[in-house]
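Here the chain labels run A, B, C and D in written order, and each chain numbers its own residues starting at 1.
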Amino acid sequence: MNILDIFVAGRAVTSLMLLVFCFMLILIMELNLREKIALKIRRMAGVDAIDEAIGIAVEKGKPVMFLPGQGKLGTGRSGGALAAISTFSYVVKTCAEKGAKLLAPTMLPTVYSIMQDIVKQAYIAAGKREEYDPSIVTFVSPKMQAYMSKVGTMMEEERIGSCIMFGSWAGATLWMAERSFEAGAFSIGGTDSPSTIPFFLAVCDRCIMGEEIYAVGAYLSEDKAMIGSIGGQDIGKIIIILLLLIGSILVNLGVDVLPWFKM
Amino acid sequence: MDKRYIYVLLFVVGSIPFFVPMVLPLPITEMTSKYNDFIESIPDGSIVAFNVQIYRSTWPMLGSGSAVTTTRLFEKDCRIVFFTMSASGVPMIDFNVQEAFKINPKLSDKVYGADWVDLGFVSGDESGLAAFLTNIPGVLPTDSNGTPLEDIPIMKGIKTGGDIKYVINAAGSVSSPPLYFQRQWVAKYGVKLGLIAVKSTGPQVTPFIEAGEMQGALIGTGGCAEYEALTQKPGPALSLTNAGSITIIFLMLLMVASNINYYRGRK
Amino acid sequence: MMSFYKSTLPKWILFICGIVVLIASIFVVPEPLKNVSNEIQHFTSILTSFAICLGAVSLGINNVKRTVKKQSGWCYSIVLLISLIATIGIGISLGRKSANFMWIYNYLYMPLQAAIYSILFFQVGTAVYRTFIVKNPTATVLLIFACLTILGGAPAITCTIPGLTALNDWILAVPQMSGSRGIMIGLGVGIIGISVRTILGREKAYQMGEE
Amino acid sequence: MDPSPIIGMLMVLVMWSSLYKENPLYLIGENMLVGVSMGYFFVIAYNFIQTSCIKPMIAGSYYLVIAVVLGLMLFFNLHKKYSWVSRYPMWFIMGTSAALAMTGAIKAQITDQIRATILPVLSISSPMDIFNSIITLVLVIAGIMYFIFTREVKGPIRHVRTVGYWLLIITFGVLFGSTVLYRVDFFLGQLNKVLKPEIRPCTLLSAILILVVVKLWSRWQEQKGVVDE
């Protein structure tokens, strides 16, 4: 009765790997949370793109538009909305410092109320409570078609200088990217759903692909648990790369590794 | 130029082939030939599970792939357990079987309950499929007509997902089923799975096909047309794919024109 | 005391469900625990159907509020309420297999849904003309491979250019498959990360969604 | 002549009229779609609850009453003050889905993909397969390395990351082309249905009729708009 019999047949090595991954993720997340280790996310190209966009808008003297995407909070796949909110608080701070006008139309009530609260906190933190302008973050409409047409006209009327589209995007991707291209704005597209990444890549000036938006969100929010989790996932990816290298070397030397996976 | 001129052009270019039918030879892609080999490799009389998520709206695009597959399986005397993971697919199970009988009228002597059964809707996406596979009579005690599973001859020996060896996942335009069928059925029970899905799902499932975790796939109207040609059962997909040629050539010319226009404007 | 019911107890339920299902699907466990895990998954399937019913009820309530308060577009909310109540009434009273309910599915629900999705094609039509421009190296490589794939979908072109289908098959099977496999492995590790944080209750998204 | 296909075709044309101009006909169609689809989902979900939970519960397995209670707790989500009660069923679903996704993903998306990438290159005969499997191994490693965020990549490995970047651009290029083809397929499928020989004359006639109605409506709006200003 060897050790692997406690696992379900045919998936022993896989389940062992899953337990190792889970233990490693929990360990690194807790260590980073208790500041035993100081994980740091490398400087992301996405963050430089956001600074560049706000800089261009300030030069042109035109407003910056931030669109948090169509991802809902509170569901299984709310990573995109969470990254959008963390990035939005950074954008509010940078715009306040550089004196750029900011517009943030949203289509989801929970995201709208959280973003409205972020703007209020930013102005209170900067000591300019009286300058707090509630019209920065607006709730346009929960319906995608209505949201798309109203934001499209808002882009033309306000003649925006740069447009940051960040979060989980779905059907409205191509429409928004096209409208900001026509408004002549410097546009950044960031989304985690694979079917919409190609449109941002083709149309926007900068694109943040897939999991990068979670890393940018964690980098900007300095949230210890999230950075620890991303650090744990990176180590998981490094383990997989080593498995690939060692596995292919062993297989070519004649050691048959493949049945191990089927045990 | 107002974008509505482009809409009118797209309508005109799109409808030309319906007034002037064209027949063009169609090369067979690798995914479709693998799918055909998979269907032919299924031993006669074996039980096949069939998830129908092609709705009435996506039927003109993908329906013929599902109907021809059903016909081939019936011709091989396979017994099919139909079910669907989305509410909109519930009426399509019966529609799919009737379309299969239209393709090959000799099949209409197939008996409900002995040759095919319609289990109806399984709710809950990934967790629903997992629950369904661990205990099929537990989650769906009766079929969609209300007869208990014990009285249905085809469901006699079927208790869990492991009792069925072959699965056809007609995922249609829904993007998540291809992934959670691989995670909950192929990974945990080792079944052989064939996929019917839209064109944008094709590139996302190539890792499964190359890894042998998915036996083959009919991707988009083109895949269905190739499968119609392979099984010599002509259907609507062939004419639709030919119709697509003109629209695609028009889109390419539009893209070239826009690039020339952009660079001429910049000079 | 209230905070125990508001957040601690639900977190414990989340943890227990996750751990029981995890253990039952990894280890060889005694039959009773296996049945408990199967029933938990069965409950989740039932609760998802309750969530769909909740979605319909909350849609109805929101639109009744909008009509009573005469907010903008309230007359369209009446159209929505009529079609919602009519469909539910026919479906529950006459049953799912009745001819009227099937008529609603075949000639109201499906054509409307199909029409809205086919409008996405026109988005591509106008975007192709205006925005798919070769302006930097990334867009160049992207559009080259996009055009190869698009031309591969047109029989008129694949039968005139012989090598195109073989080239497209190779691109799909090697470079594109390696990229998708790299993304898939990355997403797989990401799913394990999110699932671990969810079961431990560290996933911030839910708390933020509720408050 | 059964009028139903014509009604179906009218629904499609009403929605396509929004391409010309946003008009009340389109808004009626859109709201009808939301109402009919949610009503349809409610009926199918209600049937599933009947067959999978209520009937077995009455027939003998009484533990299913817990599922019904949890399900009804979901409806507290509508109540302002007691919305926290709906957390119990919501987080019940989250915990189970998380565990299932994890145990499925580790095999389908990680170990199976690793096993398929490790190929005995020397024992493969055809040179093309040898080239393909070496390229696949290198490109998969480059693709994974692109998404490593907490390690600053310096030295020669930096080039592997740029290979990863261009690989992803190729992957998304092919995905872009496939998405365009999907939308072409979908549109032509609908056009084929609308332009069926038996209802083709009726389609062309009602298309012109709808365009005229929308044109008149938008002109009336402009005059009303002028009067309001």
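Methods note: a contact is a pair of C-beta atoms (placed from the backbone, for glycine too) under 8 Å apart; a residue touches a chain by one contact, two chains touch by 3 or more.
Keep in mind that this is a model prediction, so the values were computed, not measured.
Visitor: By mean C-alpha coordinates, which chain is most distant from subunit D?
Guide: In terms of C-alpha centroids, the chain at the greatest distance from subunit D is A.
Visitor: Hey, how far is the Cα centre of subunit B from the one of subunit C, in Å?
Guide: Taking the mean C-alpha position of each chain, the two centres sit 18 Å apart.
Visitor: So how far apart, in whole Å, are subunit C and subunit D when each is placed at the average of its C-alpha atoms?
Guide: One centre to the other, that is 5 Å.
Visitor: Touching at least two other chains at once: which residues of subunit C meet that condition?
Guide: Where subunit C meets two or more other chains at a single residue, that happens at 25-26, 41-42, 44-49, 52, 96, 105-106, 109-111, 113-114, 117, 120-124, 126, 128, 130, 132, 138, 142-143, 146-147, 150, 153, 172-173, 176-177, 180-181, 183-187, 189, 192, 194, 196, 206, 210.
Visitor: Can you pull out the residues of subunit A that are in contact with at least two other chains?
Guide: In subunit A, 11, 15, 18, 21-22, 74, 194-195, 198-199, 201-202, 210-211, 230, 237, 240 touch at least two other chains.
Visitor: Can you tell me which residues of subunit B touch two or more of the remaining chains?
Guide: Residue numbers touching two or more other chains: 7, 10, 57-58, 87-88, 90, 122-123, 127, 130, 139, 173, 187-188, 199-200, 202-204, 207, 210, 220, 222, 244, 248, 251.
Visitor: Considering only which chains touch which, label the overall pattern as line, ring, star, complete or other.
Guide: Shape = complete; every chain linked to every other.
Visitor: So in the complex, which bits of subunit B are touching subunit D?
Guide: Answer in residue numbers: 4, 7, 10-11, 14-15, 18, 57-61, 87-88, 90, 120-123, 126-127, 130, 139-142, 146, 173, 179-180, 182-184, 186-188, 198-200, 202-204, 207-208, 210-213, 219-222, 236, 239-240, 243-244, 247-248, 251.
Visitor: Which subunit D residues qualify as touching subunit B in the complex?
Guide: 19-20, 40-41, 44-45, 47-48, 51-52, 55-56, 59, 93, 96-97, 100-101, 103-105, 107-109, 112-113, 115-116, 136, 171, 174-175, 178-182, 184-193, 195
Visitor: List the residues on subunit C that touch subunit A in their complex, please.
Guide: By the definition above, subunit C touches subunit A via 25-28, 120, 123-124, 126-127, 130-132, 136, 138-139, 142-143, 146, 183, 185-187, 189-190, 192-194, 196-197, 200, 202, 204-206, 208-210.
Visitor: Which residues, counting only subunit A, touch subunit C once they are in their complex?
Guide: These residues of subunit A touch subunit C: 5-9, 11, 15, 18-19, 21-22, 25-26, 29, 72-75, 78-79, 81-82, 85, 110, 114, 171, 174-175, 177-178, 181-182, 194, 198-199, 201-203, 205, 207, 210-211, 214, 223, 225-226, 229-230, 232-233, 236-237, 240.
Visitor: Once bound in the complex, which stretches of subunit B touch subunit A?
Guide: 175, 187-188, 190, 200, 204
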